[in-house]
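Shared between the two complexes below is chain A, which pairs with chain B and chain C, respectively.
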Partner chain A sequence: MAIGVKVMKRPTQQTSYLRATLKGMALTFSHLLRPKVTMQYPEEKSSKDWTLSSRWRGTHRMLTDEQGRAKCVACGLCPQICPANCIKLVPGEDEEGNRYPLIYEIDEFRCVFCGYCQEVCPEEAIHVGVHYENSEYTRDRFVYDLERLSAQTHPVSTLWDPSDPKGE
Partner chain B sequence: MPDQLINLTIDGAPVSVPPGTLVIEAAKQAGVLVPHYCYHPGLQVAGVCRMCLVEIEQAPKLQIACATTVTEGMVVKTQGPAAKSARQSVLEFLLINHPLDCPICDQAGECELQDFVFQEGRQGTRYGEYAKRFNPVEDFGPDVLYVPNRCILCTRCVRFMEDVAQEPVLNVSERGDRAFIGIHPEARLDHPWAGNVVDLCPVGSLLSKDFLHKARAWELDKTASICTGCSQGCNISLDTRDEVVVRVRPRPNLDVNRYFICDHGRMHYRWMNRGDRIEAPLIRRDGELQATDWDEAFDRVVGILRGAAEGRKAVALVSPGASSEALAEAKRLLSGFSWTGAFQVVMGEEAPLAGVPNLALRAERAPNATGAESLGYTRDYAAAIAAAKTAAVVLVLDDPDCAVETDGALLYLGTVLGSDAPCRRADVVLPIANVAEEEGTFVNRDGREQRYYQAKPAPGMAQPAAWVLGQLVDAMGLAGATR
Partner chain C sequence: MTFFIVSSAIKVFVVFNLIMVSVALLTLIERRVCAWMQDRLGPNRVGPQGILQPAADGLKNFLKEETSPAMADKALFTLAPIVSFVPALLTFAVIPFAAPLPTRWGIVPMVVADLPVGFLYILAISSLGVYGIVLAGWSSNNKYALLGGLRASAQMISYEIALGMSTVAVLLLAGNVTLSQVIAQQQAAHAWFIVPLSVAFVIFFISAFAETNRLPFDLPEAEAELIAGYHTEYSAMKFSMFYIAEYSNMVTASALMATLFFGGWDIPFTTWDSTGDPSVLKTLATLVVFGFKTFVFLFTYIWVRWTLPRFRYDQLMALGWKVLLPLSLLYITLLAVAIWFIRTQLGWEYGPGMAWALGGLNLVLLIALVWWLDRGRIVSGSVQEEAA
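And then the complex of A and B:
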């Protein structure tokens, strides 16, 4: 003991760690018996308790008709409504005289995923997708062209709750 | 101006108009647009669309505003319940057969049917179970396509060809719900003014092949300009999209071109978008033209002009498509010399619009020949070329193919410089803006001075010719010289 430190005398029940340790371990081990909440991503992508909402707005998908052509008629409404200015569209005419997009590109980096493009589309062609895994090796791969947009297979967003379309 | 005006009330607003005015025109003065399709101020009144029905007090039935002349004390209501429901029914009838293909229709955004249905049409149709009439697209002429499905039979195109162009090749064929706009089987819609039917069409039924699928109406920026196609000086609007001129449309001016422009003028815009432009001032260094900045180029020009002896000859070879401002500055720049200026006008065939007096595609295919002449430039181009041979200074203003040869200094202000153009031999080449890239004035053949405005930016370092020449005038200290 150095210079005059006063040592308080306390009962053993109060100074023992045993009681608190056992209390803590009891809580810890009780978790072993409770249901599991951890999801083993990426092996496991959804569970009974957690799925991606059908209204999720992720990277785009262009729907196609029976012949596999994009449904887009190049009306120009999506580049017009897009608040992030991420859609590039150049209209053209195909062999049958139909209007179609010569160039249709979406810059997914610029996109703010508001879903206006899907909402405004009169042909139900462009959709935002229920999809979130978007890693690429280069930045330029994030500019999706028409071919890539049409090749996407993920489900498309419903934008609004089908059971409550007006959001009431 | 007649001394007696007629007073009437339209939607509560009092207006005074000359006798004989139509209610629809009087309504415009009151700030009321009565929806209409067949009526057009530049055409004869037909009264076929029944869209402009209005209530007139003490009249037993609704009246069409386009064929009713005003009377003293008339009280017109355009927004009364009877008129509104009548117009709503007309729109509902029009939409029985009109396809809702607005997304692929070039007229969308500037379509009167779209506008008025949106404004006062009813929600939904009661004719949903009927299949819409279908007819294939027809090729009417060099620049006109007819989409019969979209036609609302306002007959504006028929009346234009009959009364204004006076070459009646269009008619209304068949009757009732089978009616469509027909063209004479052996004729084409190739009148030099036929393109106006595309502008007149209130819906997307008559389309310009040139503009087909090119841009959407709401993407276009419109700039007031003057047509450079001929010396008539028609007022036009340059429609640009992303700084590219994509379309030329007429801008109403009752004293010059009324509501119309000719097809030559309508197609006379591609050169405004040329990509092979001079983008930097070039000066001759070691026998070669080399790019430089404006200051050095100006110094070089001032050096040349100061170096040339006072009182020597100078020749200006100018384009009759240059603005009056540029022509005046060029004259001022050479005012220290004994100068001659000349221009050459490309001639073509004259094509009048029969139904409008004093309106034609003029033989003189240049917008500012009158302006150049009034500033003292002559039409004696050959003499000026000959004089250029011995001149101390030759100034070529935007005349890229000018076959000039000179022993003196050659200054070239232009938009383009071909690889074997005579102006390649110039000592200084200064890049200038074209008509779509600058503001200026043209004087048409009747001496009417008309202003045009900038529609898109000039490429690179190019500047309006009037600015370039004005800087040179200042640098020479000639600012006080007579114009």
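And then the complex of A and C:
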């Protein structure tokens, strides 16, 4: 032995290949019969062990009032706070002096899903949603305009509440 | 003569298709059993419970591009999959898979070719399979493939000896290598050869794993070290042919284990299947029993694969040359003496008495063997223990 490798003397029950093999075979066979953890995604979207959190921040949704108009008053706070600069807002005003968005677009590719827009919104109009299935055939379909944001129906995020950090 | 040719042609056709279908199903079973053992579900999308997955895989392999490395030896590169595919399918020819089938024109033995040389033929043909692997490794002009091919040749040669030696035990007891005769003897004695030859079965079982390149002996493939070993450079149907060859080797090895040691198509605890006139019912029943026995071994193959880690190369060689070979030689010597004693001194013919007497001897040997193997001598570290 050129290099001084220390070889440990271990008891038989630890070094026996035979026993280890049989133990391993028993283990794999027991796993064969155990319940499986796979969730079959398109059919099952949640299981008893796993559901999407209510705090999940997904693609946006604009809430509407009773007349079906967007609640947004075009105050400009969300494009201001947006760290990714993904919200495009052009404000307008009607004859009664109510402000409303002429253009309200969110580029979902630029969005980092921080949820600040929802936190900052004084009218509780813009929300991030509990939603994750967003595939489209073209890239330009990912710029959501006001009409599309208002038409979304998925649940909105509850976000993280600092006064209730564990969500109880 | 016409009857022989026609019946043989039909049998060849049926057996070929049966093997291909069972290989296809086996790839699915392998993947699903593996998934279950890992608490997953496995492929279950194509058809009910994924039953059409092999068809989808096959179609995919037909449509994929045939790549060929620029510096490869084209002729050998093309030849290699064929050389490993053909022997893998040929070997099943001598294995009887059911009781003889009566037809209007005569009785058809349910074996493609009941060769008098029996399992010698299997040993001969299955060793040809290694040429395919070595050629694949060589012609790919890829160092990993070449290493895989080298390992395959060394491994196959080493374990073939132990495999052959363990079948010598069957030869000693049966006095015949024709597989239909081997089965007939087991039926006549009401004791399968697993009873009087259990140690030979253990050796055969281990060697068969090595011969078919299955884990824990899949050194020629060894994804972790050699990417995919000898078939690294292969794609599409060429790769598929290696794959089919591997699985049909498994089917043949399992069928051979069932035939040599577990009575082949014999239905246990009854003489109904082997005595009296042959009937269609008997053929079907024995076919099912044979299929079941084979499947048990195939399942064991899969089960072992997803349990044991791969041996290191020196461990593999040590197990083959230092454990299995001396063990089988010793065993043959002991067995030959015991058979000589029983045949000439006691004057018994092979029957239940002799089977159980030898069974007792084997039990003692098996206990000694397990005791010895249990001392941790099989898989040693890479450094020798210091002399005390």
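One rule holds in what follows: the second predicted complex is superposed on the first by the 132 of 168 C-alpha atoms of A that agree within 3 Å, B and C clash if a C-alpha of one lies under 4 Å from a C-alpha of the other, contacts with A are read in each partner's own complex, and residues count from 1 in each chain.
The criterion applied here is as follows: a contact is a pair of C-beta atoms (placed from the backbone, for glycine too) under 8 Å apart; a residue touches a chain by one contact, two chains touch by 3 or more.
These numbers come from a predicted model, not from an experiment.
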Check: First (chain B), second (chain C), both or neither: which does A:V5 touch?
Finding: second
Checklist line | Partner with the higher number of touched chain A residues, chain C or chain B | finding: C
Checklist line | First, second, both or neither for A:K36, with chain B first and chain C second | finding: second
Check: Which partner does A:R99 reach: the first (chain B), the second (chain C), both, or neither?
Finding: first
Next item on the list: With the two complexes superposed on chain A, say which partner A:L77 touches: chain B (first), chain C (second), both, or neither.
Entry: first
Margin query: Just to be sure I read the superposition right, which of the two partners does A:T138 touch: chain B = first, chain C = second, or both, or neither?
Written below: neither
Note to self: Just to be sure I read the superposition right, which of the two partners does A:E123 touch: chain B = first, chain C = second, or both, or neither?
What the structure shows: first
Checklist line | Touching partner for A:T15 - first (chain B), second (chain C), both, neither | finding: second
Checklist line | Residues of chain A at both interfaces, chain B in one complex, chain C in the other | finding: none
Next item on the list: Please give the residue numbers of chain A that touch chain C in the complex, ascending.
Entry: 1, 5, 7, 9, 12, 15-19, 21, 24-25, 27-29, 31-38, 40
Checklist line | chain B residues within the chain A interface of the complex | finding: 102-104, 108, 137, 212-214, 216, 218-219
Next item on the list: State the interface residues of chain A toward chain B in the complex, per the touch definition above.
Entry: 73-77, 80, 91-93, 97-99, 122-123
Item checked: chain A-facing residues of chain C, complex -> 33, 35-41, 303-304, 306-308, 370, 373-376, 378-379, 381, 383-386
